[in-house]
Structures are given as structure tokens and as C-alpha cells.
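Have a look at this one before I ask anything.
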């Protein structure tokens, strides 16, 4: 028998498009997004342990079901961050890297306990750190979409 | 095994075709209910094992979103990608190791989410059978049914008889999805023909649901009410479906032999008071009678006809209605364990069989019942 | 039933390369299983149970053992499938530990694998998040918005690296050093994928920047490969060989699911570099193993690090030093093959990543180093106790195993 | 009893994406396909126990040794089991009605110990029935090389 290093390949697929996921979170988040139109940040509070979920989540790690809508603040704290795009940092010269990168941060808004993600503006990349205080930068026109809370600036 | 690990609580959702709840919320419900039944707090759980499947969930790492709803947050958690009866086995080894005392075991899936028989087709040999698209869970089962009927002289009426018995029992089980009080053979034989000899009512309905069991070490079970002890367990893998004789369930026979050895069962037909078997299709129950040694090889049809396995017979099988009444992949076998435990504790309500002290529960995974696991459970 | 001592008596690995097109999944896995039986001097008929796992989205096969396990000796044997994403291999090894420790199964074959070339690795990883993406679409979120926050090709690791570096003082030069150290170790490992003998940190620093701070040279490859391990009781192991590797303890910890970048439902797991779960799992594993001072007692570590920063981050989270000290320990040279506490002597996940197998290969390397079977990459110091780690899920799974040359007492 | 919590309809979400795969068949299946391209049925045999695998397998599951002996089998065999299919699985896994039923047979070739599954055309089926493989050596897709079985004379 002649041993081949490349044998026939059989093509096939997974018709994942026919899967229909069920998620209570969609309806909950919709309610939070709706509130954004009024510049309100609505989180969902757990009756068991008091954690406030923003964005809302249908179940809590303590096995209770968060059910109380509470207003949270538009100020918060950075918990993690990254930079999108190549640019010079820490003395690294990258070919074609110019300008300021997009700074993306994970934040926990005051009055809530969970993370959401947005971009951080008006700051030098070198200055960003975990624990830094921020404030949401609301757009002129509120859309009731995640875009409304997609940007923040140092507080 | 003598009083080493016990089932101290359990919970099941009702089984529904398309429940208005995510899998996460169903898991949360059974976790809370099982903990409440055990009188335990989440903090008292040592380990959590879930049974679910990436292709059923449609998300790779299907257990990753079950951490919180299963009570596993910041706990020693793992996942068995088989029926929940295997998750119970994994939890059992964890407890016997001495490292853990109390384990939560959960099985779940939602047929309303996944693409019907696609996950089963994805189990086939990808180098040949899979993309030829002739085999699936039902057509493969039909090949097995025909091979078995031919080898053992079983008739279509006897296959239908299994469905009649189980769906009639299911009418007494409030959690069952498919139930038909007073069903008859004619009705089953006039249901939609899928792959001969399999008709719609001989095939289990894939559906939504979750169930949970709390296992405890002998020490931890000492303060539990009505613990149900695991007396023996055995499991076995069989060859791929085209490489074995489909006329018998070799791995179930093997699993039963291992289990009986551990449980000290020499004559199952007389020592067992009740059995819950994982019959995805009607013929599988008859084949299971033989493989489990409830009758001689080839005697499955006769045992059914004798009425011994009816709910009022000498050895009731699937008093709950079995899997023909509701098939939640990854949960159906764990549900058999729950039903058996429920009977031993006398908590089965309308489908309670009097005086059950020792009961058998069976779970399976794979096409044509390729993987089988058997438990013998007993009361005090 | 008394609790049994557990030991590793055999390890087998297949060839690890980017594309195995000469074999199918079952045949590739056989190479590892067969090598493992040979290593232990055992046969499938001696085996009491099999445990297997992989991350099936990469191959597109559901329960591949249903078709393939005949190639692995599992005919008519008990077989259990355990899968937990990136930690799968570690979870399978843990299953092997419990199976033996329970007293129910004396000889257990553990098998973990991935054949990524049968599918598309990026798509395989994406299937973790597609349901969340579907929810986002439903909520009217722009796909570009989602992609920008998702960490690009590198995903959550860029957040984790940035957070970790800021908190620890780790610099990109440290990442380059980690990559060079691992790839040089890998060059001495016949079963590694990316072998780069003589690779220098300066060369790593010249590779393409994918997204700050991760360069191409800091990232694992996609590998086809399999790993198999035989676990048995201490008693049996001592009859079989002079120097088995004992598994003193295993522990895992699952934290709240978190996928940074996908602005889905909130998660309290807010900084991917904290890895509280790793600390909890490690502390429990050391406690069960009777280890009071891991820093002093652990001789070797195999953290799960597909990205360079993770080797240092998990070194800290495995409680092997104070938080923030790993970069300077790397600088001191003590993480090298001839160092005081060698790290990733195998070359690590950054050099070889057959995903489902990777977390088991950490345990396998720890066992082989204890058994003194590592050939050219055998570390200089005597390895008495080693820690093996796995990481995965949605930033939320950690598995830890502690191995030793002497049994648990 | 646990109550299902849902009162309202739970939101559903889906994604228009089907991951694709490409499985290398390995050298044993390669022999099988190459054989059929020349009109031959090629099987592998275990040197230890003599078990003959069709389709060929690299490892004998009973002996754990390489099944590296090659045998050419006749195109005839016996139906081990069959089913009359009135439905087929659709893309989304639902069972769709077939316009006219077809027979799917599990066939053990003479001299083989394992089975192939294919359509049976040209007559009704019975267990134990003798059949003959119909090959299509010019098929573009290797999966179509084994076209079907027909009753043997």
C-alpha cells in the first residue's frame, strides 16, 4: 500500500443557522436600552445578595433571580482595558503605526457590580490603568442603543 | 457498595415541547428545588457536575453559562458530555475519592433550540456515513429494530405494546410530555410511519427540560431523610453501529453484569422490584429486558406479553412512562435514576408502585444505544 | 471503600503539527494511545475504564468516540466523555484521578485530542460566542461595534495582557522573553509543534503586532495532536515501575462566565487578569496535597499559557510568588530548564496547542519530568513536586493538578 | 414540583451561519475509495484475529493491532437489516416526508465482518436477502462511489 501524506477530504457542515437560542437577557437588556433614551441607566438588582447587574442578567450566581430595577450612575471605574490598532507604545516602533489608538475599557458603573465595555477618550494611552475613574460621554441624540453608552472620558 | 453514596434529593422540570424558558433558567429552577429538597445551602455543595452537549446547546463549552444557574460559582465544577446518568457516575467517583461529600448533578437540553436529529447525525463516521445522510437516530434505530425482531421473532404489535404500556403509565405522571390513557396497539400502529418498523409513537419525543440530583457521601447522608443508596453501577461502550450485531445490546448486558456484581444481584428478575429503562425507541425496552437479564435472551416480547412489566405486574418497567413519554437528551437517563429513587421513597404519586425496595435505573448515549450505564438503587 | 493513591504510569503523545491530512481523527488519536500503552507496558485488556474528551466544535463531530474509540482500545469497556472547553484535557485527567481514587477502577486510560485542521479554528473559537452575537444582532448592535470591542483576532487575551502588565510591571520585553524561552524549550521536545531553537527575544519583538500588546510571536499555533495518559493505583504503579509519578491532588474552580468585549449581560468577573478561580483551585489543590508552602515545595510548573503574558500571570495565580513578582523572577533566570523553578519546560501551550489535549499535556509533562523521561528537556533540578494547570471557558475555568514522586499521605 | 418560570414568550435568537468542516479520511479509507474507482471492494483484515473491516479500519478494535492486510472482496453480500424510509432528515434535522418510500439496507459483504449502509433499489427487502453492490467508479464525490445495492440473481 502506498502511504499518502494527503488523503481525500470529505466536506460537511453544521447547520447552526437552524438553532434557535432562547434568552431572557434579550428582553431584559431591551428594557435597559429603552431607558437610555431618557438618559437613565437601569440595572437589575438581585434580591438574594444585592448585586446589581448592568447590563441586566436573568439569574444570579447566588441562585436568586434579580428582579428589582434600580437606577445606576454614569460614573464608574475601569476594570480592564486594551488598545485597538498598532501604534508606538513603550518605545516600540511599529511600521505604519501612527496616531492614537482606540482605547477600549471594561468598566463597572457606580451603583452596579458588573462590567460593560466602551471606548475611553481624551486620555493618553500610557495613563490608562485599572481603577481609573471615568464618566460616560453621552451623545447629543440618544438612540436607545448600546451606542449611547459606548464612550467614556476620565472623570 | 454498602451505604457509601446516597441520593438525598432530586428535582425535575415538567417536560415540554417548547418551554418558555431558557436552559439556564430551567437549570436554575431544578438546582434551587433540589437544594431545597435536600435542606442544603448552595455554599454546602462541594462539587457540581452537569451533563450537556455542545451541539445540543449550539455553543461550544456548553457548561460555561451553567456555572451560575447550577450553583457552581467558584466551585469545583465539571461537565460530562453524555447522558446525565454518566454525570452521576462522575460525581459518584468524586465522592468516593474522599475529596468531596456533596455533589449536585444536572442534566439538561432543549430540543426546541437545536436542529432536531442533526446532533445525532453529527455522531456518525465523518469519513463515510455522515454526509451520505441516510443514517440518523431514527433510521439507525429502525435498522436495529428490524435486526432484533428478525433474530428474536418479535412482532410490530409487540413493539407497539411497549408504547401502549408506557404512554398509559405516562398519563399518571404529571411531568410527562406524551401520554395516552387507555392507549391501544391499533392507535400506535396507525401513527405516522417514519422508518419501518418505527412509527411516531414508538419514537421518543425530543423535548425541553432539566433535572437535578443531589448525591452525598455516607457521612453526609446520615442526616438526610430517606436516603436512596447507590448499591451498584456499571457502564460500557459498544462498537460503532456498523461494526456490531444490532440484534442485541452488548454494552448494556456488559454494564448490567458489572453493576450486578457490585450490587450483589444474582437473579435480577426476582431481586429487583422495579426498573426504569432509557428506551429512546419502543424496541429498546424489549432489548433491554434481555440485556438486563430480566428474561432469557430472545424472551423480551414474551416478557412484555406476560404483563409482568406493567405498572401492576411483578416487575414494573417504566412506571413513569419512560423516555417514550419525554426525551430530554442528556437528562433522560438521569430522570430514570430520579424516577427509581422516587419509587423507593414512595413519592411517585399516581404512578407509585407499592413496596419498591430495590430498583434499577438505566441510561444511554449514542446511536443504537451504543453506550449504556446501569444503576441498582436501594432504600434503607 | 478506602481512598486509593493515584499514579501516572504511562504517557503517550501523537505527532503535533498544524495539519495531519494522512490520518483521520480516530487514527491520529490511536498514535497517542498506542504510545501510552507501550510506555506503560500495558494493553487495552488491562484497562478498567476510559475517559476521553476534546472540544468538538473544531472537528465538527459530536461525540467522536462513538465512531473512533474502537481505535483506542475501548471496545466493550466503560467509557466516559468529559469536555470543558480549553480545560478539557485537564478535566479528563482529573476524571482519571477520581476514577482511580474512588476505588472503582484500577487502571484508567485518559485520552484528549484536537484535530483542528478538520475545521476552521477561528470559527471553532467563535462558536463559543455566536449565541451572544445573535442576541446582540437582535438588539440592533452594529457588527463593527461588536468586533471592535471583541479584542480582534486575539480576543479577550489583549484585555487580560493589558490589565496584567499594568498591575505587575510586566513589559512587552517580558512577553518576548517568555516566547523565546518557551520556543527554545519546545525545540528540545520531540512532540512540540513550533520549534524555534536559538530564538531570541529581539526576534520575537520584530514579529507583527496583532493588537497591543500581543505580537504574532506571543501567540500559540493551531495544532493537530493527541495525548494519552494511564492512571492507576499507587500499589499497582509500584509493582510496575521504580518511579511512577503520583497525582497528589486535583482541583478545579469555575467562576462567573465572562466574555470581555461582547457587551452582553453583565458579569461580576470584571477583570480577566484577576483569575480568582485559579487561586481558589490552586489553594485547594495544595491543601489536599498537604503542601503548605507552594513556593518552596513546588519544583516545576506547567501553567496553561497560549499567550505569553499568561505564563507569568498564572505563575502568580498558582501562588508560586507574590502578585507582580513573576516578571522579575523571569528576569532572574529561575524559570529556565536549569533554573530553580522551571516553567513550561515542554515549550508550553504557546508552542503547541491541540486545544482539547493542551491541558492534559501540562499534566503529562509534569509526570514525565518527575519520572525523568524528558530527554533533552529534562530539567536540571530533581523534580519532587510539580503543578499542572489548565484554563479556558469564558475566561472562567481553571483546573489544577499537583504531582509528586512520593504518594499522598 | 418545579414550575417552569416562563410566563411570557422568551426571546429567540439565531445566526445565519453554518460552520464548515473538511475531514481527512486517512489512508485506510483512501484505499477503499481508490478501490471503488477501479470497481473493486477493498477491505482491511486484522492479522491477529482475521476480522475483516469494510469499510476498512486502521485498527482492529478487538485486538488493538493494525489491520494492515488488504483483501479484495466480492461485490455480493447479505442484508443484515433494512428499513423502508418514509421520511428523510432535512437540513434542520426535522423529518420530512419522502414522495415515495426508499429502502435503506445494512449489508455485510461476503467475507467481511462489518457492514455498509446504502440504498437498496430494484425490489423489496428482507433480512438474509442476497444483494450485489452497484458502484459508480466515475462519481465525482467519493461518497457516491458506492451507489446502491440491488438484489443478486
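The chains carry the letters A, B, C and D, assigned in the order they are written, with residues numbered from 1 in each.
Definition applied: a residue touches a chain if its C-beta (ideal position, glycine included) is under 8 Å from a C-beta of that chain, and two chains touch if they have at least 3 such contacts.
Predicted model only: the values in this text are computed from it and were never measured.
By number of C-beta pairs in contact, A-D leads when A-B and A-D are compared. Rounded to whole angstrom units, the spacing between the C-alpha centres of subunit A and subunit B is 41.
Rounded to whole angstrom units, the spacing between the C-alpha centres of subunit A and subunit D is 47.
Between subunit B and subunit D the centroid-to-centroid distance comes to 28 Å (mean Cα coordinates, whole Å). Each of the following residues of subunit B touches two or more other chains: 21-22, 25, 55, 58-59, 67-68, 73, 114-115, 118-119, 122, 125-128, 131, 239, 243. Across the assembly, subunit A contributes 3-4, 6-7, 9-16, 18-24, 26, 58, 61, 65 as residues in contact with two or more other chains. For subunit C, the set of residues touching two or more other chains reads 21-25, 57, 59-61, 70, 75, 118, 124, 127, 130-131, 134-135, 138, 256. Contact topology of the protein chains: fully connected, every pair of chains touching.
Across the complex, subunit D meets subunit B through its residues 1-10, 21, 23, 25-26, 29, 53, 55, 57, 61, 80-95, 104, 106, 114-119, 127-128, 143.
Partner subunit C is touched in their complex by these residues of subunit D: 11, 13-15, 17, 19-29, 57-59, 61-62, 64. Considering their complex, residues 5, 8, 10-27, 29-31, 33, 68, 70, 91-93, 142-143 of subunit D touch subunit A.
By the touch criterion stated above, subunit C contacts subunit A in their complex at residues 21-24, 60, 127, 130-131, 134-135, 138-142, 145, 148-149, 151-152, 158-163, 166-167, 171-172, 205, 209, 211-213, 256, 258, 260-261, 263-273.
Considering their complex, residues 1, 3, 24-25, 50, 53, 55-57, 59-63, 65-67, 69-70, 74-86, 91, 94-95, 97-99, 101-105, 118, 124-125, 127-128, 130-131, 249, 251-257, 276-277, 280-281, 284, 288, 392-394, 396-397 of subunit C touch subunit B.
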